[in-house]
Structure formats: structure tokens, C-alpha cells
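Order of writing sets the chain letters: A, B, C and D. Residues in each chain are counted from 1.
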Amino acid sequence: MKRFVIAVAAAVLVFAFGPGAPAFAQSSKPFVAMCTDTNGLGDGSFNDGVWAGLKKAEGEGLASVKVLEAHSMTDYIPNLTGLAEGGSKLVFGVGFLMVEQIQEAAKDEPNTFYAGIDDYFGGNVPRNLIGVSFREQEAGYLAGIVAGEMTKKYYKNSKLLNDKNVIGAVLGMNIPPVERYLAGYIAGARSVDPTVDVRFITVGSFADRAKGKEAALALNDQGADIIIQLAGLSGMGVIDAARERKFFAIGADVDQNAAAPDYVLTSALKGTTMSAYLLIKDLAAGTLKGGENRVFGLKEGAIDIAPFHQFDSIVPAEVKQAVADAKAGIASGKITVPSTLAELGIKQ
Amino acid sequence: MSTRSVPVSAYRIVAGILTFVLAVPGTILYLASYFWGAWLLAGACAAYLADRVLELGRPAFFSLVRSALRRSAMPAIGIVAALLLGAAIMLATGYNPLSSYKALFYGGLVRGWSVSVLNATPLLFTGLAVAFAFQGGFFNIGAQGQYFIGVMTATWIGLALKLPGIVEIPLIFVAAAFVGAATNAIPAILKVKTGAHEVVTTMMFAYAISTLSPVFIRAFGGDPSHSMHPYASDTLPEAAWLPTFKSFLPEANYRLHIGIILAIACAVLVRFILRSTSLGFKVRAVGNNPMAAKTQGISIPRITAASLLISGALAAAAGATQVLGLDHRMYQDLGAGYGWNGISIALLARNNPIAIIFTSLLWGLLDSGGRYMAMTTRTPNSIIEIVKSIILFLLLAEMLYQRIGLSLRAAFSRLRRGSDARTGIEKEIGS
Amino acid sequence: MKVSGAVPPVLETRGVTKRFGRIVANHDISIRLEKGEIIALLGENGAGKSTLMNVLFGLYRPSSGSILIDGEEVSFASPREAIAKGLGMVHQHFMLVPTLTVTQNIILGDEPVILGHVLYRAARRRVVELSERYGLHVDPDARLEDLSVGLQQRVEILKALYREARVLILDEPTAVLTPLEVEELFSVLRRLAEGGTSIIIITHKLEEVMSLSSRVYVLRRGELVGERRTSETDAAELANFMVGRDVVLSVERGEAVAAPEPILRLEAVSVRGARGIPALRGLSLGVGPGEILGIAGVEGNGQAELCDLVVGLARPDSGRIVFHGRDISALSLKRRMEAGIGYVPQDRRGSGLVLPFSVEENLALGSCEGPPLCRRGFLDFRALRENALRLMEDYDIRGAGPEVSVSTLSGGNQQKVILAREFSRKPDFLLVAQPTRGLDVGAIEYVYRRILQLKAGGTAILLISMELEEIFALSDRIAVLHGGELAFEAPTSRTNEIEVGEHMIRGRTDRRAS
Amino acid sequence: MSGFAAVLLAPQLLEATIRLSTPVTFAALAAVVCERSGITNIAMEGIMLVGAFFSAYVGWLTGNPWIGLLGGLVAGAAFSLLFAWATVSLHINHVVAGAIMNILAFGLTRYLMMVCYGRQGTSEAVPLTLDHYRLRVPLLSNIPYLGSAVFNQTPLVYLSLISVAALAWTFARTRFGLSLTASGEHPMALETLGRSVYRVRYQAVLLSGLLCGLAGAFLSIENSNSFTEGMTNGRGFIALAANIAGGWQPVGVFLASLFFGLVDAAQLRAQSIGLIHLPSEIFLVFPYIATIVAVAGLVRKSRPPAAVGKDFNVEGGGD
């Protein structure tokens, strides 16, 4: 089967590219590729996360990998189909903006698996298509517990905290994955102390760093000492603000500690890395199955909270225990984390 | 000089019919990647030229051809020079220009031709929108906003009404054009009443519209708790989709829809309006000299408004085409830049609607070829943006050529005359 | 290069030629200017006077020939160098920045500075001192746009004096002045000349030459055709030189048909100008069929507003405009056009023509609403072309076919396009403003002939002109506009240029007397 | 808890206003200089972006933000010279040339991201930002309300305030300012007085390039620590509006920029107070609406330089 695919891929290449055939289809390992959304690599988020999963698989010798970046929405289909024509066995499309395009690409290239990261396909899913979505609210919940505990009970542990019991969130745009994160975050904080004040601001763009910073500063002015960023590149501004004003930021999607090791308390992890890696692993083992939506959550190991790094000593064992309990509760189904603000009684 | 009317011969009628009969299917076939359609187009060209020869007589015809060649020389030189400059940049930054360009043109013209055409479709409309406003002396920098208004209108009606396509699609276009025109009424009124510059107002409107569009999408995006991909609205019923080329040409790419035909028809229509109608005549008069137009009884506010409204309608039609033809739903604005690109396309075509057909296809193929290039070589496709701006720059900088021409001439004359006199190279331009 | 013994002239040109592309604006011109002398450069519009001055002033570079100052050859790369050599120029269109103050305007380009910082107090002192020395009084702190035209010209002269100009060039300095202001200007210039300043005055007005200059050069079509001492010549000879033949413009006017009932009547019309100042005050006049009423007056006395009002570009604040017995004050320009009002605007290229348009399109401008050129909103190209060919034949429009852009036509042919367009609509009333500005004599005669033909056909014509000659050549009756009021009105046969000129200067003498 | 008014009156709002308006102020001053000299400049967005990129890149290469700032200034100046060449020497329509410059800037910065960093999105962080050189003015910073907002700021914020004063002074009192005004009101007058309009306009565009370079540097290496593609996010166009609303005067333009900054700061804060429950997009659209209202409302009270946007050609004039 594998050999056959490579042969087909090689034939396609010869016809498609003529003499200038690219070098990437020559190894005997399956060739796996990803298409970024318009944010591209370096977003410190989904795109980077998936890419890390690909690199991890490559490091383990499971596959050879390639990334292709998109600059506008019309890039998506040519990128997705082009990679298949280039011999890719499994193509990841990153971001929910590609939902339509990836379905069409899958229809176009039946011999290649397509995985839509952050996509959910309703109805009958083509047999070479996999929807990968996440329960972000569970990651938000864990971060909310940490934030709620620290700001309420352990604010004396760090000069960066205050006694006001206010935490914040900066949103890029008001869209459901962001809303799920936020709902989980609020629910987590309230599980510690129902009277906690959680404030949030939407910046209106996933790429306006200066405004992201300004929103975080505004929240800090109102007493928030821990702020989660749910704003993509604008979220870099939240970390900028934390560095400048000296409060704690919580990263999202991937571990953003490296951006400001002294101020990023932890990060709510969405396992784009893990999910991509798991799918490649299935592919290499020949067990990859298409035609379904896979929702990755805490239970599947795709949702987690990042380590505290140098704050490990500041965060008391009680907090870590609370996180562990929540994890167990969620995994076992004892805790159901709300996924919309409406469930929390917050009007939008 | 040949004003004597040549009696309409049977040959001319035949040539005329032949031109039309060959050109229309030729265009459609070529656009659908049936490249042999080029032969039909060549035939149409031959028939057209024959017709012109018959009409004008040989000497006048050849002088016409000469002047046409002279006029197209500059754009051709500009494009080649821009590509050379782009190559120089690639060389300087360590990329291989030869393989890049090979991939660019193979990708844009052959391999991804259907994508080029898909790219060109909305750009053709927005280019026409910008050009129409330009012709009336107005800079519609916010075509992007009207584009999204068109998208919203099409989505709304498409989702709200369940009519047969033959009724619904025209209805959607009319409604989108109407609402797009209405959107532009505000900047038009502000311009006429307060003098607020349209560059600022239309731009800000575009920002505002794209900021507010999520509110709209949420209203038509089904239940958010079930929707995993909220940036898009619900899908339109298939009855409201534009027919695809595939429905009559089986080999065509299945995404290719007849929007491009509508766009080309629109370009022809715009040319007709501008050239052959009283309104277009007045728009051009106001755009070229508002004072003279005014003293001849043409109402400036009315014409300004009319050109702006038509411009808004065209930009909105771009949005409607994109929804009905390609996306079948509304996506949130990611700064796709149809407005900005529309400006480039109109400028490049010097606001000539027919030329816009070609400039939008050029832009479309540079985009899709650029992606193919990025896919198959290591060259980043942002080089295409650079090449595009150099093309624009070189095609609009007429002075540059006059300068070069003058200094070349001066250099020649110096060579000829030796060094006896310092010939003053003056930066003269005859009036 | 010095002539032995004699003092070299302050300024001299030798064989100066200036070409623009294929057009030769100046050909082989040699003139000479002595210290303390006032010379005149006489010529019609388009004779190349302004080009020569711009060459002298370093704005243009001569294509060949040389310029000498104090006997030394100079080459100016820019006006800056000309100024440094002591040249000062007062342009016909003032080179003044309206939003700046008098002082700022005067010092601009030569400011007293320390480290880029302008010493305004010192500059102001200098300006006050200068204006007192030469009797050119003007408020140094006034914003320029608030000054009258005469005062603005003073500022221009002060500008040159501030730069210690030894040679002062004035380009058509009297075009915009009232006769009183002209007198003042001349006395200032004479005083300057006595003080050793050399002056060149560029003009096309013979009287000015005779009264002011000691020598005169005459230019025609870019060439120097004569040089005379003023004392040794007379106006007739100079006129002969200027136009290249004996007689100017005595057109057979034909008698006006006496018509009691005017076609167009202004009844006590008042209107405010651009800055809210009354521009027309209770103006009443009427023009009958087959009659030409000439409005004389110095520019800026309400002519522009009168034009706007009559054709419908502006509405009167009070009073009415009656056309064929019907009040049309509230009608739009378009309705008035349809009712039979034609307009030949003063600014041909600015408001008469759409320059990039072809001849046929320009001829259709304003008729693009209905038949015959337009049907159901569509242009009828064949009708357009036929219309153009017919009019081009009728009005002798030469130089191009109907499909060629009017911008390539000569001034005379452009004016003919406008006349053809307006006349062909067979207006009952026609407003003609400055119909011959910038045209050559042949074209002028042609324009006069057409206007008179139209009149003979029964059209009522209101002629607005700053040229008295023109007014007298064409009008059956003459009225004088002064300060927005009708200062004088009389049949042409019962008045003369002196009387009319008097009223142009002084306004209404009857009121003054009372 | 605390009411709407309390938040709006807090000194932090003023601080936020100043931070948000600083890049707009720089760019709007650039617009003033350009337009007063007769050049319509809509290329500010692009010049800013180029300035932001090179500030971050040079700052990253050298590790010194001041050298990075210099890099941004040089890049902004060089890019603006291209604009000046196009508009002044080649006589391309100003708005058209500006639009082309913007397209070029977006393409160029994206291309350079790949060339210099090998990726898109966000560049490497500079090791040290200009924020590090925050300066607290000893006594003044103790003034209640104003003190902490105005006198405890970062270098480029101070520089923007100084620039406003310096430019106001320039226009009122200096030879250069007088030449600029003349060049924009009546270029031929300036030319006939021996001062080259081309030269003055080149200088004006160059100065505006430097100001835009500062705006870009503020965004990339003072307010944050790296370059992000498209990080100017329309600020160049807001600056254009501020220029009009501010009546082509440095101080007016500064106030207009502050106003736009205030609207933005206020809407962000208004979102989190929780007094009004509206979709966030309703808040986000306020700055744009404010811009339109300001431009439409104020445009009549002031008038643009008479020759702005018009081509000037010494020998082309003729008749």
C-alpha cells in the first residue's frame, strides 16, 4: 500500500512538475505536510503547535514533513491539493477557517488523508477526512482554577499578585473556540471562589499587538493580576503588558513561557501538537481511520496545563492538587465544564 | 480621414458574425482551461482585424495597428522590467529567479489557471468599481467595505429566501448592488455636503463594516454551541449557487463558476455605459473637468453620487459573486484585500474597463502562480507583491520614460557631435 | 566683453532663443537696459513677452543665446541666482501666498535667520522702513488674502526692493488695477527709476508705454520686430509693429434694431461674493433682441459674479432676473440653457472645455440629454460625428478631425469650438465674457464677425470685457461696472473711450457730485 | 463595582490614551509636514511598517534598541525618498503613488521576514526594548493625575510630545516652516523667489519618513519587543484622518490623535466594566465612527493647503 502511494505520488510529480521536481518525496517514510492558516508559522499557537507535532514525528522517524503557508483564503485549496499532488499521504489543514476548503480538497484527492485541525464536520464525512476539534473549555477550566486559587488565597506568595480577587482575559475576536476557553476559565475560577471577579476585553483583531497590550493594561488597572491571553498575535501584547506592569499572564494553545519566563505563570494547552502526532503515529502504523470527527480533550491527552517552570515553588501543593483533582474529575466525567458564556449566565 | 461611409458589404457582416461566434465560446473554453479555445480566439481576432481592414482601408488600418502597438509597448516593457527587477531582488537574497519564474508562469497560466480565473473574478468587479469612481473623479479606496456589504446581502437573502435559482440569483445580485450602492451613499453625501475626503470616509467605512461583520455572521451562523467553525455563516441552499463550468464542460475544474463570465459581461457593460450613454458621458466630463461640466448644465453632486453608487454596486456584486459562486457562505474578513487590489487593477488598466479584464487576470495569475512557486520552490510568494508594486510603479511613471528617452537622445547627439558643446538636456515637456 | 570706454548696460540679452519642444517661444532676441532707465516690452498676448522674462529670471533656461549683467555673461540655473544678481520680478499673476502675512511674503526666500529661526521682529522693521522709504504703505502684519489687489501689488514690488533689486521687471502690472492705482504705480516706478533702479515693463497697452517708458521694444510671434525711443514714435506706429499690419479691428457693426422690450432684464440684483462682501449692488440692466450690451470695467468689479448670476451658477440675494418676461432667478443653469441662454465663459480651458475630450464630445457637452445627439439615454455616435463635422465646417475649426482631443488645438480653434457649441443652440440670449483673450488677430476678427452675425440674427448679447477696444468695437450700448454698481450707461454712438474710462475709474459721477 | 465615571476619570485612562495615540501622533505629524508642503501622503501606513520592521531587525541584530531605532529611521527615510521621487520628480499622482507604496511595503516586509527570519508572523524578539529606558521626570511626575501619565513615560512618547512642539515652532517661526507653507499654498511663488519647490518637498517627505519611522519603531521596539506582520493595522489611515480633523496644524493634529486614542482606550475599558452588555464588536467599531464624525464634522472649519495634492512642474506650467 505504502509503496503504491509513493509510486502514484512519483508519477504525479513527474507529470506535474517536470524536470524541477521538488526533493521532498524521495524518502521511503510517508510524507506528511501541513497548511497553515493565514497567521502562518510563528503565531506561537495552532500553527506552531501542529508543526511541533510534525517535527516530533519526524524526529522519531515516523515521517518526512513539510509546511506550506497561506496568505489569503484563496490560498487554502491550492495549498491543500498541491501538497497531495506533491505526494503527501496526510495533510493537516490548520484552523477552522479551512473547513470548507479541506472538504473540497478531500473530495479532489481521494488517495490522501486530510485532517482539519480545529475543524468539525457535520453530516457524512468523506472517508479520507478527519475532523480534529478540542474541548478548549477544559484547558480554560484548569487555568481558571490556578488563577482563582492564586489570586484569592495565595496572593502573598508573589509580588506580582494583589488581594483584589480580580482576574482577566483578553480575547482576540469573539468566536466560539475563544468563548469556550473563556467559559472554562470563568467556571474554573468560580469553582474556587464564586465571588471572583473575571473581566474580559475583546481587541477586535488577532494581530494587533499594541491593542492587546492596552487591553491587558486596562484589566490590570482594574485590579486583575492574572490575565489569560486568548488573542493570537494580539496576545503577544498581553505578555508585553505583563512584562511592563509586572503581573501574571497565562498563555494559550501552546506553552508560551519562553516569551517571558518571569511573567507567564502557565499556559492552557490545546494539544494540537499531540493530536497531530497521534494521527501521524496512526498513519505510520497503518491504522489511521478517516471519515469521522475526533474531539480531543483532557481524556485523550490533548488538553493539559503547562508546567509552572520557575514558579513551581510559588504555586503551593494545594493548587497543584486542585488541578490534579479537576483533571481526574473531568477525565472521569464527574465534572462537566460549561462551553458557552450563556451557561454561566453571562449575556453576550 | 476616412469619413466617407463604406457601403456595408456582405464580407463585413460575415466578419462581424464570425468574430462574435468565435470569441464567445473561445473565451469560455479558454477560461475553463480548455486551452485549445485559444485557436478560436485567434480566429476571432483574425476576423475582427479583417473587419477593420474592410472598414478603414489598408493604410488607415496599418496606422491604427502601429499606434496600438506603440501604446501597448510601454505596458509590456514595464512588466518585463518589473520581472527583471524582481529577479534581481531574488538573486540578491539568495533565491533562484529562473526556476521561480518558471514555476510562477507554469503555475499561473497552466497548472493553476482555474485558480487564476477564480482569483480574477472578484478582482475584476472591484477593479471596475474603483475605475468607475475614478472616471468620475472620485477615489473609492473602501471598495473592500462595499464588497462585504455585497457578501452579507447575498448571504442574508440566500439563507432567508428559498426560491428557484433562476429567480433568486438575479434577485440577489440586484439586491446586493442596491445595498452596496446605498452603503456608498453615506460617503457620497458627506463628500457633497461637508467635503469630507472620500479616501478617509470610505476607508473607515470599510474598517467598520469588516469589524461588525461577525455580528452578522453570528446571526446567520446557526447555533454557536454546535458550530465548531464560527467564522462562517450557514451554507446557502444549492439553488442559490451559481452554475459551474463543469455543468457544461466536464473537464473544467469543479470550483470554476460562471462568475467570471458575469464579470466580463459587466466590464463590457461598464464600457458601454461610460462610452455610449449620456450618463457615462457626463461622468467622464465631471471626472475630467468639473467646472466645464457644471457650466454646461451637468449637476456635479448628482453625477458624483451616481458614479459612487454605481461603484458601490459593482463592488457589492463582487461580494455576491464570491458568495454565490465560490464560498456559498459568508466568511469573516481576513483582509483579503479585494479593495486594494481593485485599486491596483484599475490603475494598471488606466480605468479602461476592457483593459481591466486583462489586468485582473494578470493579478489573478500572479497570485496563483506565486503560490505554486512557493509550493514547488523555496521562494516566498511575497516576492509577487513586490513585483506587482514595481509593475504599477513602472507603468504609471511616464516621466521616467521621458527622462530616459531624453537622456538617451542627448547621449546619442553628444556621440554624434563629439564633445564640442555641452548640450543642455532640459527637463522639458511640451505642453 | 566690455565695450571700451562706455559703461556696460545693466542688463543685456544677445540672441536669446527659447524653444518648448517644437514651439519656438522666443527667437533671437537682443535687448539692452541702461541704469535708471524704464523700457517697455510691447506685444500682443502670446507674443513671447512672458517667456522672455521667465528666461531672464532664471525660471526657464534659454535654448541658445546669452544674458549679460553689467557686461558679464551669466547663466541662471534658478531664480535664486537671478535674484542674487539684482533682478526682481513682479509677475502678472502675483506670486504671493494668501495665507501668510505681508512681512512673511516679503521675506520669503530671503529671511533673516539665526540657525534657521526667522527673526520676524527685525524683518518687520525692515519692511516698515522700506515701505516708508518708497512710499509704498502697507500693513506689515495683514494677511495677504485680506488685501486689495493694488496693495498686493505693492507687496510684490516691496518683495523685489527687499532683495535690493537693481532691475525690476513688471509683467502686465496694470491688468488688474483701477486707473487711479495705475497712476500711483507709475509714480512709484518713476521715483524708483530716478533712484537708479532700471525697470522693464511688459504690457500690451500702448498708452502705458507712451506715458512711462523711455524706450520700447516690440515683440511679435516670439521675434523682436522693432525698437524705438518713445519720444520718436507714436501709438499708431507701435500698433502697426505690434500686430504686423496697419489696421486693427474696425468691424462693420451694423445698427441695432431698436427694440423696446428687452429679452433679458436684471432688476435691482444684489449678490455677495466669495468672502461675503457684496459683489453686486442693486444692479439693473436689460438687453434687447439684436443688441449687444458691452459691460466695461476693471477686473474684479463684479464681472465674475454677474456671469455666475446670469447663467445660473449663483442665485441673487435680492432682485430678480427676468428672461422673456419670466422670473428665472430660481432656475438652474440647465433650465436656463434649455430656455435659450448661452454662455461663452472667460476661462476657456478651465470652464469652457473638457480638454481630454475630443472635439465632437466637447461639441456635444451640454446637449447630451436628448435628441438629436442622444436617444433614450444613449449617445448617437453618428449624430455626434455629423454634428461635429458640420460645425467644424461652419466655424472653420482647423487642425484636427472630430475625434481628436481639443487639447491639441490652438487657442483660436478652441474658442471656435466653444462658439460653435453655444451658437449652434441658437440662443435667444448670449453671455460672452472675454471672448478674445489670448487669441491672435486673425482669430479675434473671426470671433467678432461671428458674434455680430449672431446679433444680426436677433440674439440679445451681453458682452463682458476688460478691453475697452473690444467693447467699442462690438457694443451697441455700453455700460460700466464699478464696485458692483452700474456706473454709466450710454449708446456707443453717444460716448467715447475717455468718458467710459473715466467712469471705470471713478464710478458714478452723478452721485459723487450730489 | 466602581462606576463608569471612575474608570473614565482614572489617570490610567490618560496613560492608555497617550500610548495608543503616540504612533498615530507621529504619523499624523508626518501627514501635516507632507500636506503643508503640498504632497498628499497616504503612504504613511507603509512607511511605518517598513520602519517597524527595520527597527526590530536592526535592534535584534545589534542587541541595541537605539541602533534599532536608527535603523528604523534610516529605513523610513529611504522608503519615503522613493515616494518623494515618485511624486515630485516623476509627477505620479500623489494618492496613486501612495497606494503603490503601501502595497510595496506590505510585500517587502513579508518578503524580508522570510529572508531575515525564515518565517512569517512574528519576528525574533529584540533583547532590549526602548521601554527599558523609561524616564520618570523627578518633580513633574508627582503632579496628580497628569504626572504619572505624562511624566513617567518611554523615550519615544516624550519624543512625540517634543515633536509636536518642535513642529509647531517650525511652522510658526522658522525658515523651513515658512518654505513648507509657501510650497503647499503657492509653490510657484516660492520657486520664483529662488527656493526650489522640489527641494522643499523632498525635505518634507523625508521628514515625514523619519516621523513614520519613529511611529514604526514605537510599535515594534518600544511598545512591544518584535515585529508582527501588519502590526500598523490601519494607523496610517487614522493618522490621515487626524491630520484633517486637526486642521493641518501640529497641535491640532496632536489633539485629534489624542482624541482617537481616547476613544480607543475608552472603548476597551468600557468593555470590561460590564455596565452595558453589547457584542464586543459594537465597542470596537467606535473608533472608526469617531474618525468619520471628526473628519466630516471638522473638515469645514479648516481648509487644506491650496496646492495640496497638485503636481508642480517648473517648466510644465506654461499657460
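Quick note on the criterion: a contact is a pair of C-beta atoms (placed from the backbone, for glycine too) under 8 Å apart; a residue touches a chain by one contact, two chains touch by 3 or more.
Note that this is a predicted model, so its numbers are computed, not measured.
By count of C-beta pairs in contact, B-D exceeds the other of the chain pairs B-C and B-D.
Centre-to-centre separation between chain C and chain D, using Cα means, comes to 45 Å.
Once the centre of each chain is set as its mean CA position, chain B and chain D turn out to be 32 Å apart. Note: centroid distance chain A to chain B, computed from Cα atoms, is 39 Å. Residue positions of chain C touching 2 or more other chains: 20.
In chain A, 69, 71, 174, 204 are the positions where the chain touches two or more neighbouring chains simultaneously. Touching of two or more other chains is recorded for residues 110, 230, 279, 281, 284, 315, 318-319 of chain D. Applying the touch definition to all chain combinations yields A-B, A-D, B-C, B-D, C-D.
Chain D makes touch with chain A in their complex at residues 1-2, 7, 10, 12, 15-16, 19-20, 23, 110, 117, 119-123, 125, 131, 219, 223-226, 228-231, 233, 264-265, 268-269, 271-274, 277, 279-281, 283-284.
Those residues of chain A whose C-beta lies close enough to touch chain D in the complex are 39-44, 47, 69, 71, 168, 171, 174, 197, 199-205, 207-211, 213-215, 217-219, 221-222, 233, 236-237, 240, 244, 259, 347-348. Those residues of chain C that touch chain D in the shared complex are 20, 57-60, 78-84, 89, 91, 94-100, 104-105, 107-111, 113, 116-118, 120, 159, 438.
Interface residues of chain B, counted against chain D in their complex, comprise 89, 93-94, 139, 141, 190, 194-197, 199-201, 203-205, 207-208, 211-212, 214-215, 218, 335, 340, 343-344, 347, 380, 382-386, 388-390, 392-393, 396-400, 426-429, 431. Those residues of chain D lying in contact with chain C across their complex are 173-176, 178-179, 181-182, 185-186, 188-196, 306, 314-315, 318-319.
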